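Presented sequentially are two complexes of chain A, the first with chain B as partner and the second with chain C.
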Partner chain A sequence: MVNTLAPETTERAPHPTRAAAGALGGRGRARRRQAVVAYLFLAPALLFFAVFLALPLGFALLLSMSRWTGFDLGDIDPVGLDNFTGLFADGSTFLTPILTNTLLFALGTVALALAGSLLVATCIDKLRFQGLWRTLYFLPIVTTVVAVGNVWKYMYEPGGLVNGVLNALGLGSVAFLQDPDTALPAVVVVQAWASVGSAILVLTAGLKSIPGSYYEAAALDGAGPGTVFLRITLPLLRPALLFVCVTQFLTGLQSFALIIVMTKGGPGDATDVAALEMYRQAFSHGDWGTASAAAFVLFTVVLAITLAQLWIFRRKGEDA
Partner chain B sequence: MTPARRTGVIRPPTRPRGLSRRHFALALPSALLASGCAAPHQGTGRPGDPIVLTLLSHYASGELKAALQGPVDEWNATHDRVKVRTKAVEFTDLLTTFMVRQAAGQGADILHPYCLWNGQLVRAGVLRPAPPEHAEEIRRGYGEAAVGAASVGGEVYGYPTEMQTYALYYNKRLLREAGAAGPPHTWRELEETAYRTARRDRYGNTLVQGFGLSTYDDSTTVGQTLALLNAAGGRFVAADGRSTAIDSPAGRAVFGLEHRLVTRGASAPGVNVYQAFPSGQVAMVVGAGWWTGSLKSLMGSAYRDVGVAPVPVPEAHDERATLCTGFMLGVNTASRFPREAWQFLSWLNARKAGVKGASKGARATRMSTLQVSVGSLTGRADDMRTLLGAGGDPNLRPFLDALAYAVPEPNVPGAQQAKSLLRKNIEALWTGQQSVDEALRTTRRQVDQEVARSW
Partner chain C sequence: MNRRRFPWLSYLLVATGAVLTVVPFLDMVMTSFKGPGEAGTLPYRFLPRAFDPSNYRAAVDQLDLPLLFRNSVVATALITGSVLLTSSLAGYALAKLRFPGRDFVFRLVLSTMMFPPFLFFVPHFLILVHWPLAGGNDLLGRGGAGLTVSIVALAMPFLVNGFGIFLTRQFMIAIPDEVLEAARIDGAGEFAVWWRIVVPQTKPVVVTLGLLTFVDAWNEYIWALLVSTADPDVMTLPVGIQLLQDHVDPTRTMPVVMAGLVLSVLPVLILFLLLQKHYIRGVMLSGLK
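Our next item is the complex of A and B:
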């Protein structure tokens, strides 16, 4: 009877259906209008992202598969994947030592900054005038990289403070920035020193968020300071540690200002890193294609390392 | 009289409407366009209005900026139809500024590039070749090295401005104390003097470098090596510009010399020679002519200990040669007024004018006068002799003489990258990362790959 009822239904209610359709159409129009208004409100933000993110990203992608000298937009010459293959071709220094240096620089910086900031933040947490200590350790962050780099450069020089201390201890001088074996570690120390302040801020905030009752319970159970640190502080500090770890790694992988000031990538290419090489290729050598291809390789490396860190922390029960 | 009064028709009073949104929307682009056109950029180009040429240089600091502004003001005061406006950025930002402004269609009419970049700029279509009459004027008025620096593939692209030749700076006091009668003329004498003057303390800190080799920057590191290479009869880039010629007996000799000086303790590449030499901590160093002016102001009365001699040659009978670097003033291909730009450049660089403070009748080009006023040289030997005169700083003479035999820095496409690659390998050699053979081989492979690229 569906066949008989169905037309009846449609015939019986032509007017209400039209009304309903009209109402629906009205609601649809209202929704569309709302959507238009919403997009209008979103437009400034979307325009911002389009101009400053999507457009440069698209342009960089285009350049990474082109040859361009940086002067005339009409001279962009597509070359496919040549720039990428060139980066990893036999004799290219991009993979070794440049990318290797980049990873060592980031890894060294993160390891030193994390260990140092954890130690300092734990000590500060037990001291009076915590604000003062945090401010003191934060000072390198508000100091320009050029000033930091130059001061440390003088300290590392053969007649500088560091060698003065070594000489006073009866040890010979070390050409920290001139010896390819010590140049990268020497710059890593400075980068870690300069970034330890922000890590301390995050970690002290993390330490404050750990409930005191846990420590009281541990004290009642007779747990020593080592056990308390390893079993309570460290596990509960994991969100803050994850944040510090990820952000420091990102900074380390993209950093080059300090290296320009202190070593300019030398001696040889002992301290040359990917971001510095990209800068040189684009702005000094006019090879924007190679620079953009290197940027995408670096982006891939940064993404892979960040995802790996998130995965490792998640496995240990920390949700990013 | 209003139209209504004229016709006698009385209409109801209407509210003054002002500017409607529609009118505003229509008027805004027109207004912006009009204001953009009226902006004092390159002049309007309308008959009667002056043409405004822009000149982009690195003369951004007080002394240099003022030195260039003097002749530009003189031109503007004496020429009604064509005016020149200078814009300056720091040298480190100059190439980037060329790139960004050119890509944005805002390139200056007149550019003042470092000649090393000429190949790159010509390849990118930024520099306009000099018209035949100006090219002829440049070839006639300047030394071979200056013309070579301002040319790419045999074609002249601009008027050379300051030219820097390289010579040997030495500290007379340190050489005297070490028992050396005078500056070295051959490499053997250079090495002997370097070892005799070098001193270190018991911790290995360098007190005096016998021969300064510095990793301070590309120009210092590569300039020293290329000056010695040229003195040994070698070249960095082959004549065809498609490969390097450093892996040669001359190149091997230079790398060997530097390697010995470092390993035997006469040189400490980590030390900044620009600070150490004025402090009396370097006995000898190869440097460019501009440094004399800085040394005078830095050292005060101690400047009397500074001497300058030609770069030593391997053997006493060898012909002298050294490196020459420089800048030039060229015209942008995108300039709307190239003829006027070349006229201004010719006036600035080739027309002679009276020299203030010089003997009566002494005449030199405005550019030469400008350069000498800031302690630099140009590639016009006649001007230099006039301006430096008999009573000038004798330390400038070897640089002036070197203009006759200097070899221009290679400026093929990719020259900047080739220079960076050479620097890396020199540093690797100095720090023991590479042997002489490895450094030569790696430099050849890397530089060949770069300069042979098909752009």
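Our next item is the complex of A and C:
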């Protein structure tokens, strides 16, 4: 989970210098003791972040500029930026198709999930038993990716449910996951299917925060449902839409568990994405340097796209 | 909005979507009851010819479900327990104690949420392999398999969660300082204040965070897959089921795989249905998955 967009709170802690100002006599000793106690409370978390956050980041950065076979830490061989240039060299598959696949996968997922959740959320808002509907749409989110991936993989088989439906409609079977042209869209559908529930949740909350008086005023002015949706619902839903967009895009750019389960990147490299390539370079080919370099390139892409989205939505906000 | 007319179109849309959401689950359950040669063959049939429970017995035997369940339960319990404890401790310090560097530490905790997990798979694995004085390693982390052959390896990278600390701190800020001050004047130490006064008041956040963590830990696949390749004895449910699915003829074993999936999904689904309000609140607070 990436939570950079978690709702910000504005409560401010009392300023620490006030504690320092009273650092005389008994009060000072009490303050000092509280500081020691505070760091004792924080010690497990800080220790963890040192070993599992700071150290790995440094290690990954070092590896991204080294060649290493993975056994003796003394054998790490610095190679400068070779791993990075190797990723973008002629004949490298990293830019196309892998990075392209990654973007298409994320883009497709966001488009499908956004369209689906917007449609369902605006409709659910008018219905009874909203809790029941939400529960149903939420089931995929609490289900392990191994279950989701295997059930859908099986459903895409020639003898599976999807082709069963196609055949019943008089259409021919499609080898969804075996055909390089359909494999990526097929996986995108599953990723969108699995994430639409949480998008509905966020959009429903956004819809509920729009004051009913706006709709009443629009109705008095004789606005049709289309105008109401375009002029009131959509603009006021912008923060929720931004939230869904950014977080879904982040997830789409990073996730590869579903692809490992369903296609392992195949057929060929039709569904190979950057995070999966990183994983394979490291754990199948033992090329830790290239894997680490790929991870940092992907991180940069993720960061750039997120910032771009925030910037676009903010600019649109000023124009309106 | 037009609430007077019965919203036929909305009902139709929402119901269609709900059917699309639920049908894969039903297909999973139906397939798990299909007999030999019945799954994956043409023409497709949704219902099994006879509800045959023998796949569930086969899943328990072929998959070694007891071992997989044990590993999944241990890893999930370790992660959930540790995240709740460390979040509560750190959250209390950040919300209710005054000390130099507090703003810095808080910002540090927030920044830990920024880094995507894929940055860490490689270094985390290497760090565990070269963990000093474990699994036959010497002091410099050489010579053995390190912590990767231990069941704690499944839990190690998830024991502390920046979002958990953030969530707990936000909740604890609302606890009035006067209550804590009164306890301190009565001679309670900070640890006693935390344990006797703060922890009992943070039950809602414990349930929410615990549930989110539990579901994530139970469903975790990539890291467990890595650790299981180093030591098959610590294989978890998702990894074990995927392994069976990858290595055996799918038309024959598909019902067994589905039976295993049903059994592995069931605990989380039941927990979610019982406590969904808390879970949904957690997802609202944490952002998307």
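By our rule, the second predicted complex is superposed on the first by the 267 of 320 C-alpha atoms of A that agree within 3 Å, B and C clash if a C-alpha of one lies under 4 Å from a C-alpha of the other, contacts with A are read in each partner's own complex, and residues count from 1 in each chain.
In this section, a contact is a pair of C-beta atoms (placed from the backbone, for glycine too) under 8 Å apart; a residue touches a chain by one contact, two chains touch by 3 or more.
Quick caveat, the model's predicted, so the values are computed rather than measured.
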{"item": "Partner chain in contact with A:G91 - chain B first, chain C second, else both or neither", "value": "first"}
{"item": "Contacts of A:F283 with chain B and chain C, given as first, second, both or neither", "value": "both"}
{"item": "First, second, both or neither for A:A50, with chain B first and chain C second", "value": "neither"}
{"item": "Partner chain(s) touched by A:N163 [first = chain B, second = chain C, both, neither]", "value": "both"}
{"item": "Which of chain B and chain C A:T247 touches, first, second, both or neither", "value": "second"}
{"item": "Contacts of A:L81 with chain B and chain C, given as first, second, both or neither", "value": "neither"}
{"item": "Touched partner set for A:A304, first chain B, second chain C, both or neither", "value": "neither"}
{"item": "Partner chain in contact with A:P267 - chain B first, chain C second, else both or neither", "value": "first"}
{"item": "First (chain B), second (chain C), both or neither touched by A:L127", "value": "second"}
{"item": "Chain B versus chain C, judged by how many residues of chain A each one touches", "value": "C"}
{"item": "Set intersection of chain A contacts, chain C complex versus chain B complex", "value": "70, 72-73, 157-159, 163, 167, 283"}
{"item": "Chain C-touching residues of chain A, taken from the complex the two chains share", "value": "1-7, 9, 11, 13-14, 16, 18-20, 31, 34-35, 37-39, 41-42, 44-46, 48-49, 51-53, 55-57, 59-60, 63, 70, 72-73, 116, 119-120, 123-127, 133-148, 150-152, 154-155, 157-161, 163-164, 167, 193, 195-199, 201-202, 205, 215, 225, 228, 243-244, 247-248, 250-251, 254, 256-257, 260-261, 275, 278-279, 282-283, 288, 291-292, 295-296, 298-299, 302"}
{"item": "Partner chain A, residues of chain C touching it in the complex", "value": "1-3, 7, 9-11, 13-14, 17-18, 20-25, 27-28, 31, 39-46, 85-87, 89-90, 92-95, 97-103, 105-106, 108-109, 112-127, 130, 140-142, 156-157, 159-160, 162-163, 165-166, 170, 173, 190-191, 194, 215-216, 218-219, 221-222, 225-226, 229, 237-239, 241-242, 245, 250-251, 254, 257-258, 261, 264-265, 268-269, 272-273, 276, 279-280, 283-289"}
{"item": "Residue ranges of chain A in contact with chain B within the complex", "value": "67, 69-73, 75, 91, 93, 157-159, 163, 166-167, 171-173, 175, 177-180, 264-270, 272, 280, 283-287"}
{"item": "Chain B - residues contacting chain A, complex", "value": "95-96, 98-99, 102-103, 120-121, 123-126, 203-206, 215, 217, 268-271, 414, 416-417, 420, 423-425, 427-428, 430-434, 445-446, 449, 455"}
